[in-house]
Each structure stands twice: as C-alpha cells, then as structure tokens.
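Below are two complexes that have chain A in common, paired first with chain B and then with chain C.
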Partner chain A sequence: MKLVDINTEEYSILHDATSNTIVIKGFLRLDGMEEYKPIMDVLLGALENARNLTINVRDLEFLNSSGISTLSMFVVRVRERKDVHLTLQGSEAVLWQTKSLKNLQRLMPSLTLEYI
Partner chain B sequence: MEPNPTRESAFLHQEIAELRAEVARLKKENNDLQLTLLATVEHGDTVESELHATNRQLQSEILQRRKAHATLQDILETVLKDKADLELILKATAEHGDVLEYQLYTQAVETMRQSEELFRAISESTPILMILTQRLDGFISFANSTSLNQLGIDAQNLSNYHLRDFLVNPEDERLLIEQFQAEGAVKNQEVQVKRANGEVIWVSASVHPLRLGAGEALLTTLYDISSRKQAEASLLDYQQLLENQAQELEERVERRTTELRQAEEKYRSIFENAVEGIYQVSSDGHYLSANPALAEILGYASTEELMAMVTNVDRQLYVQPMRRFELIAYLKRYRSVSDFESELYCKDGSIIWVSENVRLIVRDDGEIVCFEGSLQNITHRRRTQEELRRHRHRTEQLLLNILPQPIAERLKQEEKTIVDSFSNAAVMFADIVNFTAISSNLSPEEVVDLLNSVFSTFDQLAELKRLEKVKTIGDAYMVVGGVPMPIDDPAGAIADMALAMQKVAQTFSPIGNHPIMLRIGIHQGPVTAGIIGSRKFSYDLWGDTVNVASRMETLGEPGQIQVTQTFFEELRDRYRFEERGSIDVKGKGMMKTYWLVGKIKSYQRKLVNPTMSKETPATKKILEKEKARSIISSNNLPERQPREPQTAIPAPELSDLAEYTSDITSG
Partner chain C sequence: MLETSATRTYGDFNGAFPASNEYLTLHFSPTTGPRNQRWRNYGLSADFLGDYFATFFPGNEEAQSKINLRNAVKGSVSFMANELLENAVKYNDAQSNRPIQISLHLFEAQIIFQAINYSSVEAATKYESFIQELNASDPEEMYNQRMEKIALGGGESCIGILTMINDYGATFAWQFQSCQSTPQIIEVNVMASLQV
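Moving on, here comes the complex of A and B:
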C-alpha cells in the first residue's frame, strides 16, 4: 500500500517504507485535532503490518499542543498493538523535544527514545 | 348480692338472656374463625408457592447481577486506564504548551528587544530629524538625538514643545496639516526650520500617522536639504553664467570667423609667396598640395607641373630613398621632425640639399592622413659648412704639425704660457755636413725638396720611436725623447733613432761629389720645455742639456754620433760605443765623449725576419717611395688635401721603417 506523503511550505511528513521510518520536518501548527487527522492517517497507515516503526522529528522545529496530543494518541495506539516496537528520534537542540518526547515515553515505557 | 330474690330472679333472667346472647355471638365468631382458618390455610399454600417461585427468580437475578458486576469492573478498569492515559496526555500537552509558551515568549521579548534596538540605532544614528507628536494636542512625545541637538529641545521636557515652534514660516504648519488631512500622509514637503544655533535650514518634511496603544501619533521626519538647495541655487547661477558665456562665445566665434577668414587669406598669401617650399604629401607619396616656391626649388615650371610629374616622392625625389623611410619612421614615432636634411633630385636631374620640417597628420583612429611640411634649399649652406669643416680640420692638423698633441690641447684650452720641467730627457741634434756646399749646386726648390725628403724620413722615424721632433733650423734637425710625454726608455729610443738616421743618410744619392752625411750629437739630462710668446709660437726646449747636446753635434764628425759620458753610462750595457777621448767644450771645459756605433745584438728586438740582409730591398723601396712622394707633394702643394698630412704614411711603409730601424742595429 502506497502511503501518501504530505509536503507543504511549512512542514513535510515523509514515509520511507523500506526502513519503516516517518520523517516529520518544519513547523506544525494545525488548528485543532481535526486538522491533524490526515497526519494521524499517515501514521496509522505506517503502523499497519509493521513490526518496527521509527518516527524522526529532528527537524520538526515547532509542534503545537494539538500536534503533541495527536502524537500522544498515536503512541497509545502503538502501545495497544503490543507487538510493535516504536523508536522516536529527536534533537536536543530543539527545546520542545527535550521535554515532550520524554512524556511520550511515559505513555509507552517500551518506546525507544534517541537524541541524535 | 342475695338479699332481694325477686330482684334476684329478674336479675338472673336478665343474666341468662345476656349469656344466651353471648353464646350466640361466640358461636358466630367460632364459625367465622373456622371459615377464616380455612381461608387462611388455603391462602398460605398459595403464598408458599408464590414465595418459592419468587425465590427462584431472585436466584437467577443474583447470578445475572454478578455477571453484570464483573462486566462493570472491566469497564471501570478500562476507564481508569484511559483516564491515566488521558491524564498523561493532558500533562504532556500542558507541558508541551508551557515549553512553547516559554519559547514564544522569550522569542517575542528578544524580537521586541531587537526591534527596539534597531529603532534606537536607526533613530540615534540617522542625520534625519525624527519627531513623534500627539495627534490631538500636537505636543512632542519623542525626538531623536539629532532633533534634540539641532533644534535645542530639552529631553526632560519634551511636552513643552510644539513642532510649529521650530518652523520659520508659521504658514507651513497649516500647509502640512492640510496635506495630511487630504492625503493621509505628507511626503517631502520642503519647509524652513530654525536650528538651536539660529541657523535657518531647508528641510524635506514627511508626516506619517502611527497608532501607538490607544492614542494616535504622528511621526514627522525632517531631512536637511540645505546643501541641495544651495546646489540648486548655484546651479541656477551657473546656468545663468553658462548662458552668458554661450552668448559671449557666439560673439567670439563670429569675431574669430572674421579673423580666420582674414588669416586664411593672409596664410594663403604666405603659402603662395613663401620662400620655403610648403607641401602636403599623401601616405602613398603624391603631392596633395604644393606652393610655387616648392616647384621653383625643385626646378618645375609650376606647382601643377610638379604635382603632375611627381607621383611618388619616395622614389622620384629622394636621392637615397632610405632617407625618406628614415624620415617616415621618425615621424611615426615623434609625430614631427625638424631640420631633417636630405638630398633631392630636381626636375633636371641635378641634386640639391634640403632641410625639411615635417609633421605627421593622423586621424583620431591613428590612420595617417598626410605629411605636412616645409623645405628649404640648403645646398649653399651645406657647401659653406663643408668648406668650414675642412678649414677647421686643416687648421687643427697644422697646429698638430707645429705642436705636440697634448700641448696643442692645453693651448686650445686657453693656457697662456706652458712651461714644464722634465728631469730626464734625451736630446739629439743632427746636421747635414757641408750643406752649404751641397746647396750651392742646387736650385732653391731642389734644396727645399732635398731637405723635405730627408727630414720627412726623420719625422717618420721619430714618430715610430715615439720621439718628439722639436724643430729644424736650416739643415739641422732637433729631436727629443721623453718630452712632453714621458716614455719608457728615452735614451734607447734616441740611440735607435740616431743609428737609423745615419743608415738612412747613406742611402741618399750623393749630390754632385757630396754624399749626404750627418753629424749627430746626443746628451741626456733635465730640460725645460714649453711655449713662450703668443704669436708664431713653437714648442721649444731650454737648458744646459740642450746646449751640451748641440755642442756634441757641432764638435762631432761626419757620419758619427757623438754622445756624452752621461749618455754612455746609461746605455753602455746595451749599445756599442767607442771612446773618443776628451774634447774642449765651450762653457763646459774638457768633456770625455764617445761615439755611438751600434746596438748589442742580444738587446735587439726581433722585429724582422733575422735572415734579412743589411741591404734589403725594403730599404730601397722606402727611399724610392719617399722621393716620389716628396716630388708629388711639392708639385701639388696648393691643392693638397689637409686630410692627408705630410707625416701620414700608409701602414706598409711604417712597417718597412720598423724593419729598417732594426736593421740598423746589426751595423
């Protein structure tokens, strides 16, 4: 199944099916959970049939509260699958990632967090 | 109670009645009770069965409730878990929000700070006056430091000032307000402003509305344009000046045109009537123009004829075309050439010398337009110069014949009297024996020829030996060694000379019965040499050494060379001498003298082939040539070229003489 990447002037979400990696870049500041649905769909699409999944947010410089909620819910969904190993790749140079990624790990203690 | 039986019967009756009523009531109640008991028994059974059914129903209900409770427990757990998740998500979201808020806030503060700093930097560094006024009352609320300084505003009491306080023309404020109301802003309105120092400047004023908080403000910028105004004013002046100048120029051009026309007429006349040839020649060598004088110089009847016949000056005019190419090469390098002299062919083939002044006329792109020049016939001048040069050369040669070259140089440098002392000079006198008798057989011309022939040979010998011929006195010949230029071995050179002279004398044919014989005397010592007098001067020697040498000659014998003791001592190792004995020398008393007879061979310089005999053909050849020359010379004396002085000998003859002088030593 071909997943549709999202690419706008402000942000981009790219799914590399071979390495099961989703790279999110730029500035994500969509208005409300509803508007995050297409992104959630891409994430859930990637989750199907996957045993390992990596989400790279190193170059995601800005993510608003609806965004972090969406990401949290996705982590819960992964946790419920029980058979998928999730890795989050972030950067210590981006202030929000230093705090919020750890909170995601609390939702799913088996989540691997990498600051690269 | 028994006392009254009537009353007691009545009473009993009554009591029996009452007991009968009681029994009837009890009987009825018993019936009712029996009925009730039956009904109750029947009812108890019904209730009992009902209870049983109800109990069974309750049992099944309890089972269902238990199941529902377990389900509820599951739901509760899920809800609690979801609740925990949601709490975590809430926390994550809240913290995330806090981080973003913090980040955005610090960014906003930083941006504000930067923006403020930028505004401060701009407003404080700009030369433009920036003033913020309240729209309502027109009081100043901000003024940058340029404004404060220039307008003399007290920064502490900004609100004491109105912008109009600084306008020179009060009308300007109304103008600005009107424009602002009409267009919403004012742009580049030129007004005059008074500075704190009293100076009035022109500024370009702009007003922009600003909304700051609740109030409305106006930002007024004032840009100093006095220098531009000044430039405009001076530009205006300059324009006026230019107009005046243009008018004046026009007048001058008109005057000049008139002058030029007159000048052109004048130059035309000069061109036509000039003595010098004036011309323009194209780059391919034909005349573009020529004046009558040029035609005349080159022997043509008219300029038309000249221009028609000469189609290539390079080949047709220049005797040496190379000279023309040189001229062009110079012109290409220096653009103009003056006094360039060359030979030209005239129409009739004769050759004249001309001097040219030529300019190269080129276009802006460097292309040659033509050669423009004038030429002058200088044939006469060239001849005169040539003549003059020959004369000068001859004079110099004559001077050199009279004086030694270094002395002549000193004399030319205006040295009045030249007297030098020399410590060691060898002086020789030679005299032709019996010259009076010999000359009596000859004509005066023949006598001169003879002397010329003999002395010329001696001159050549002297030159060869680097000796200085001092003079001839009649038939006597005086020569010195070591004066005026010192030489290595003056005595040896004089000895060689004397021996050679005796040898040469023998080769002259006898005149009548008289062979040509020489009497020679030599002495050596200090002398004084120089020039005395200012007319008909000659280089001469003085001193005892000269006198003694002269005595050695007069007291000598024909064919002999008499020398003093001093000279003998000097050369005794290298030359052969014979002692003569003592003779009485006038003024000196008795002197011991010697005859110089030859050179000791081991000291002889190997200048010639040693196999040559004493009577060499070379000797004869020299003398024959010498005689022939002297005759030719005497015949052609007036026309003789000064370039060929009498002493000049072609190289082979000089070498012959060299051979000859060395031959002598063997005798």
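Moving on, here comes the complex of A and C:
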C-alpha cells in the first residue's frame, strides 16, 4: 500500500516503502496533538504488516512538545505490537534531538537509537 | 498595574529580579487574526528570540560536542520560548482582552523567561493543581506516567513544562494573581530560568 506523503512549506513526511523508512524533515510545531493526527496516520500506516520500521528525524530541526507527545504515543503503539523492531535515526547536531530522543528509548527499551 | 486581591506563588518566584542590560519583551494580542496565522507567528517569534539571544554566545566549534554554545542557546531558547508561548495561548481567556507577553532577560550565565497571560479561574485552578502535583513528584517519573497516559488516549497535558525541566534543566516559578476589578480573570505569570 502506498501511503500518502505530506509535504508543506514547513515540514515533510515521506515514506520509503522499500526500506520501510519514514523521513520527517523541517519545522513541526502544530497546534496540539489533534493537528498531528495526519502524521500519526502515516506512521500507523507504515506500521501495518511491518517487521522493521525506521523513523529518520535527522533533518527535523524543530519539534514542539505536542509533536514529542505524538512520537511517544507512536512508540508505545509499536511497543504494544511486540513483533516490530523500531529504529530511530537522529542527529547530534540538532539540539532538541540530543535532549529528548532518549525519552523515547526509555518508553521502549528495545528501540534502536542511532545518531547518524 | 493591576489591583490585587489574592496572590499565590509556587517555586522561588521573584518578580523583581535584577535588571539585565539585555532584554526583549514581545506582546501579542490574542484576538487579532485567525488562530492558525497567530500560531505561526508564535513559532516565528520563538525562532527570532533564539537567533537574537544566541548572538551573545561564542559560535566557535567545540571538539567535545557537535553543537557549539551559540547553537545550543539558539535551540534551547527557541524551544522554551515556543512552549511558554503555546502554554500562554492555551491557558489564555480571550474575554480578558489583555495581551499575552513574553520577556527574555539575559544574564551572564542564565536566561530568565517570563510569560504572562490571563486565564479563567477554571483554567488557572487546573494549572495550579498540575504545579502542586509536580512539586510533590519526581519530574522524570511524572513525565513517563503522563506519556503512558497520552499513549492510551488520555490527551496531552503539560508535557512541555516537564520537557523543559527534565531535558533542558530549566527551573520554574509561578504567580497567580486575581484582580479586584475582574475577579473572574487570573493573571498567570510564569518564570523559567535556563542556565547557559
């Protein structure tokens, strides 16, 4: 199934079905978790029937706390599936990632966190 | 100045901290223009504050870290200013007809943020019960508990403040003040300190 990508002036969410990788880029500061629903839908769509899933946020320069909450909610959904290996790829050059990505690993200790 | 009839403070609230030579205050009218457009302006303002305050710090590369002090200040200030503004907007009561305000004061080793908005009594009470719970808890544990609750569809609540405390090492103090002339409106004054 081809998922619907999201591409706006400020951010983009692209799904590469071959590698089952979701690449999130840009600046995300939507007004509350409700507004993150289309993004959550892309993430949940990629999770369907997946055994391995990678989320690449290297070029996501800004994520507000509603976005962090959305990512956390997704990580817990993956954790509940028990049969999916999740890899999160971040950058050590983006401050919020160095500060907050570790919290996602705390929610799901089997999550692979890579700074690439 | 507002006439006050009741004031409650939490944390080390010191409304009269020493003046710094460098400070910026931005005012926003919470009723001008559509919300999505205003929301975008809050983000742009947070980025501007980050860029502005970063210029006071050295931008040379440090071997130990991929982020130099200037970029670290830029990232921290824009994240915190954005969260404080978002909270001020969420807790603001449009009926109050008063502007939301954010000020940043630069000191040698810290930046003090001050955000002011006007809430309904109900919203202020909710905010105060969060603060009381926070003061009686371990913030990291509280963060994890809230994240688990969010995952079950419990709705987000004050994750921004917990993120600033846990991940950015910010310290907070609050003042809630009701006005004699309009007792149904509470002035919410949030102070956050970031070590740099």
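Assorted remarks:
We take it that the second predicted complex is superposed on the first by the 116 of 116 C-alpha atoms of A that agree within 3 Å, B and C clash if a C-alpha of one lies under 4 Å from a C-alpha of the other, contacts with A are read in each partner's own complex, and residues count from 1 in each chain.
In this section, contacts are C-beta pairs under 8 Å (C-beta built on N, C-alpha and C of every residue); 3 or more make two chains touch, one makes a residue touch a chain.
Remember, it's a predicted structure, so these values are computed and weren't measured experimentally.
Applying the stated contact rule after C-alpha superposition, one finds that A:N64 touches each of chain B and chain C. When the two complexes are overlaid on their common chain A, residue A:R106 makes contact with chain B and with chain C alike.
In the superposition on chain A, A:S72 makes contact with both chain B and chain C.
Once the two complexes are overlaid on the shared chain, A:T54 sits clear of chain B and of chain C alike.
Touch criterion met: A:G32 reaches chain C, while chain B stays clear of it. One of chain B and chain C touches more residues of chain A, and that partner is C. With both structures placed on the common chain, the touch criterion links A:A93 to chain C but leaves chain B unconnected.
Annotation: chain A residues 62, 64-65, 68-69, 72-73, 76, 95-96, 99-100, 103, 106-107 touch chain B in one complex and chain C in the other.
Of all residues in chain A, only 62-65, 68-69, 72-73, 76, 95-96, 99-100, 103-104, 106-107 touch chain B in the complex they form.
Within the complex formed with chain A, the chain B residues making contact are 85, 88-89, 91-93, 95-97, 99-100, 102-103.
Note for the complex: chain A touches chain C at residues 27, 29, 31-33, 62, 64-66, 68-69, 72-73, 76-77, 91-96, 98-100, 103, 106-107.
Against chain A, in their complex, chain C makes its touches with residues 35-36, 39, 43, 47, 65-67, 71-72, 74-76, 78-79, 82-83, 86, 90, 143-144, 147-148, 150-151, 155-156, 159-160, 163, 166-168.
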